[in-house]
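Both of the next two complexes hold chain A, though its partner changes from chain B to chain C.
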Partner chain A sequence: MDLLLQLAKNGAIIGLLYGLFAYGMSLIVSTTGVLHFAHGFTLVGSAYTFWWLFQGQDVHPVLAAALTLVVAGAIGVLIELGIYRPLRRRKAGEMTFLVASLAVLTLGQNFLVLLFGTDPKPTPPSEFMSWSVSFGPLLIRTFDVLVIAASLVAFVGLYLLQTKTAVGLSFRAVGDNPQRAETLGIRLQHTYVWVFLAGSVVAGLPAILLSVQNPVTPSMGFDLLVKAVIALVIGGIGSMPGALLGGVLIGLVESLAVYKLPTHWAEFTLFAVLFLFVVVRPNGLTRSRLRSA
Partner chain B sequence: MRTHDAPHAAAQPHVLDVADVVAGYGKNTVLRGVGLTVGESELVALLGHNGAGKTTLLRSIVGQVKPTAGRVLLDGADFTGRPPSATAVAGMSLVPQGHGVFPSLTIEENLTLAAATGGKRGASAATLADSKAFAFDLFGILKQRPKDRAGSLSGGQRQMLAISMALMTQPRLMLLDEPSTGLAPVLVDEVLAAVRKVNRELGTSVLVVEQDIKRVLGVADRAYVLKLGGLVFTGTPAQLEKRDWSELF
Partner chain C sequence: MKFGAGGRRWLVAVAAVAVLGTSACGGGAAQGGDASVTKDGVTTYKMGVAMALSGSQAALGQDFVTFVKYGVEDANKEYKKDGFQIDLVTEDTAGTADVGLKAFNKLASIEQAPVVFTAWSAVVKAMAPASKDVGVALINSGANSPELEGAGENLRNFFPLASNDVAAVSTYMAEHEKKKRAAIIHVDNATGQGAAEVYKKSFEKAGGEIVATESIRQDAVDASAQVAKVLAAKPDTIHVHALLGEAPVIFKALREQGSTVPLTTYAGLGEAVAVRTASGAAMDGLIYTTLANTSPEDPKIASLVERFKKEKNREPAGLSYDVYMYDSAFFFAELIKGIRAADKPVTGENILKAIDDTDSFPLPLQRSTEFTDTGIVRKQVILKKIGTTADNPARDKAIATIEP
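What follows is the complex of A and B.
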């Protein structure tokens, strides 16, 4: 029973990171209408950045984390400016965006292999990270506290951004109706850059936290992308509670599957749950805000 | 706001001056040289049969459609082909037909977003607060449930919110595309009366496209009739009443 509880806690914590990653992507998708699969590259690129700074260059972890967030934002903005904006100007179809986005993810991932090889890159154990405290049967580690704090800051921050600031309101307005937004003086190109910045910086948080917990690998961007897509199918695109719920649900399923099944069944269980969802609730838990063309 | 000086410094330029505009979609030319003006504090109706090109003209004015020939001047300054985000900040506020509000934003948020445009136009917080009070005075229903999503409002309430949003942008010129579409007759009167009130009390110039000809002629200072992409009538409502409508519409 204690093991089950511990697994559930670990699953929920990892799930928060999935939810964060998924919500950043969801924000970009619902505002721009682009299926931004390259968000996976933003994650893996940021994870390697953090590992390289912290482990390779001996940069203080706090500074390394701050720089990683900057890099994460820069990756997203560069993808928007370098790839999507030219495609938009040429009035490319949805499929072209999708292919371009997947190409960025694949090429980027291969580029990281060229630079760093395929072997997993662990960050060294530290005294700070190995602290823990027991609450009855529950063991709370530094990692758990960091994840909860980061998620809280990010979700509250994104909520306030989107309800209290003109730029954040413009994300939602552009997602609803870009033509109408323009007639209110909103410049779509600016809004897109801002939303890529916001969504990508948020992807930096799971990138950093996953790097300190597990070794960094070139495929982690793709793995997280698959989980984010599942989380968004379950939770609905554009919905903050949806992404959070979807992410935590995936984390729980993954973690709890291990309780009874061999570890390599985790993925099978995940897709079984996804399949069930698609059949039972094809529109997700919450109302989707993805623009219907 | 002016980027070019008017040719005759003495003559007051019209708020909106559209000259010989040719525009359409791809090879399909819809407007074949249309010119019209809207004066200071004037309320002008733009009428015409379905498909005559009324919406295309409004979209050409605000820049959603790029004219292939002709001129669009706001207060004498050239805005031909400028993007809608630029014409909006310059003072044109379009209320598009049927899609004037952002459904996933609350009433309050829709107004706040529009107020940001007013802010870009140099309006102070006090001015924006006044505009909001004016809008709530026009449409009391909006004040009651500010946290409701616009998507949950009725057609009439959405139209009222869309007009209020236009107000918040502190426009020089308000362009309304069929504000009465889908509204019950009593609401049509309420909406048109509100537009008239904005025009009279705030001095905002208005160009309004309407299907409900009788009702809009009741509030308009002047009217244009568009047919097959060309103007076939210009004059006062009284003059229009005397014409044979079968050849205009």
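What follows is the complex of A and C.
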């Protein structure tokens, strides 16, 4: 029973991390209709930024984290302005957006290799990150607390943004029907820039959390990207709460599956669940649908 | 028969595709053959080297190539009097089987190298059948899965396999440290699976019991589930056999979940500065195997490390592996010398025959190496213990020396 509880806690935490990444991606997908795989590059680029500021330049971790979020937002905005906007002007099809997104991911990773080399960039464990406390069989670490806090901040922040601000409301209007939103006076291109900014800043959070926990490598974004896409499919592509829910669900499935099964069955179980969702509930736990770019 | 401009272009395109297809499929007639070039009385032989130069294993792979390069430079000076030199040709395997196979095909078909040196068990396993098909000698100079013993007719293992060092540390923990309940966490590929099997057999043979075995995916970002399961089995020692990407995650998870169980691993992790930095105190007190003398008191080792540090401004990532990489150039030079003395061409076939027919090869760092009948080498295993991870790996204390 102790092991089951510990596995459930571990699964929920890693699931929140997946969900956090999927959350930003979902915001972009639901508003723009672009399946933004380059979100993986935003994550890796942000992770390298944090590592470089914190380890390379000796910047205070809080300041380094704040600057990383700025860089994350800038990466997203640059991708929108430099790649997606020209494609939109040329009325490119969905497949072109998809290929462009994958190309940005791959080129971006290779650019990081040129810049930083391929060797893993570790952040030495600190006293702060080594703290932990036990609640019966449950061990809670600094990392767990940070993941929960970051998820809460992202969830509440984006909820307020989307319900209480004009720019946030425009995300929903454009996501629902861009032509109608435009006739109502919402500037589409303006909204797209804002949504890429907001979604990418959210991707900066798991990037910072991962870089203090694991060595940073150019390929680190891919695993999380796969999990984020699974979370989106399970949660419902384009649904904000669905992304977070999907992330937590896949974290729990991965972790709890190994309670009785050998650990190498975790991924098989996860994909079996994904397959089940695709067949039985193709729109995911929530009913949002992806519209075309 | 006459062709118009369009027809000629079509024919040229077909011919180009045919040529490219032939080379890509490894259909060149001269593969594994003697592709040496003689100029001004000096014959140049290509040495194919396929290592992980990208991806999560690149930190080791790039250093491996640097040490092979040092070896080639020094061997070319030493063997100049014998009328030949080595031309190093490198390709990237990314440490994976599929990229590795492409790298091998390029070295064998396009570069026409009679020999390919490589590492990483999954890569060596993938290349082994192809090396037989094209008649190229395949030399494992850094992979340790026991499955590589006899894995291919054209494969020879210049680097000792886990049946050498993992068996030694497993037996040491059972017999010397009196551990009775071991657990294993291994990467889920040929490297980890093979080592786990060897550890299990040796530990059980020495009277111990394996209470848990858990695997982890290469480059995984979380190991908390594996560690929780392993600790729930209450082991008195844990062997970790993973790669650079996921290893710090395992060590950190062990520490975070309050484990004080003695840990063991191999040089690929124990000596890796990036793993030590990322894992921090989680690796303090860890025992690991090394298969080469990397003492800074050895003048040759000290000079090589100094050369590396001057060039790269950092410590090498896996020094005991680098010893084999440096020596591999001299090993190839010795083979060339022997084959030329017998007045034969330096082909893949003749390289393999020379390895099988020669009792011992003199090498600058290992002193010498001898192959068994099954194409492997067995070396002295030095067990080292990490004091604190911040220390230079070369300064880790040797706690035992186990003869093969």
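A few comments on the model shown:
We adopt the following convention: the second predicted complex is superposed on the first by the 280 of 293 C-alpha atoms of A that agree within 3 Å, B and C clash if a C-alpha of one lies under 4 Å from a C-alpha of the other, contacts with A are read in each partner's own complex, and residues count from 1 in each chain.
As a working rule, contacts are C-beta pairs under 8 Å (C-beta built on N, C-alpha and C of every residue); 3 or more make two chains touch, one makes a residue touch a chain.
From a predicted model like this one, the values you see are computed outputs, not experimental measurements.
Overlay on chain A: chain B and chain C fit together in the combined arrangement. Residue contacts after overlaying the shared chain place A:255 against chain C, while chain B stays out of touching range. In the superposition on chain A, A:31 makes contact with neither chain B nor chain C. With chain A as vertex, the superposed Cα centres of chain B and chain C define an angle of 150 degrees, given in steps of 10. In the superposition on chain A, A:213 makes contact with chain C only, not with chain B. One of chain B and chain C touches more residues of chain A, and that partner is C. When the two complexes are overlaid on their common chain A, residue A:14 makes contact with chain C while staying clear of chain B. Taking the two complexes aligned on chain A, the least Cα distance separating chain B from chain C is 35 Å. Chain A residues in contact with chain B (one complex) as well as with chain C (other complex) do not exist. If you check the complex, the residues on chain B that touch chain A are 62, 64, 83-85, 88-89, 93-94, 96, 99-100, 102-105, 109, 112-114, 116-117, 119-120, 165, 169. If you check the complex, the residues on chain C that touch chain A are 53-56, 58-59, 62, 188, 214-217, 219-222, 224-226, 228-229, 232, 244-245, 248-249, 252, 255-258, 274-275, 277-282, 317. Remark: chain A residues 163, 166, 169-170, 172-173, 175-177, 179-188, 238, 289 touch chain B in the complex.
Partner chain C is touched in their complex by these residues of chain A: 2-3, 6-7, 10-11, 13-14, 113, 117-125, 130, 132, 134, 139, 141, 143, 210, 213-215, 217, 219-220, 223-224, 254-255, 258, 262-264, 266-267.
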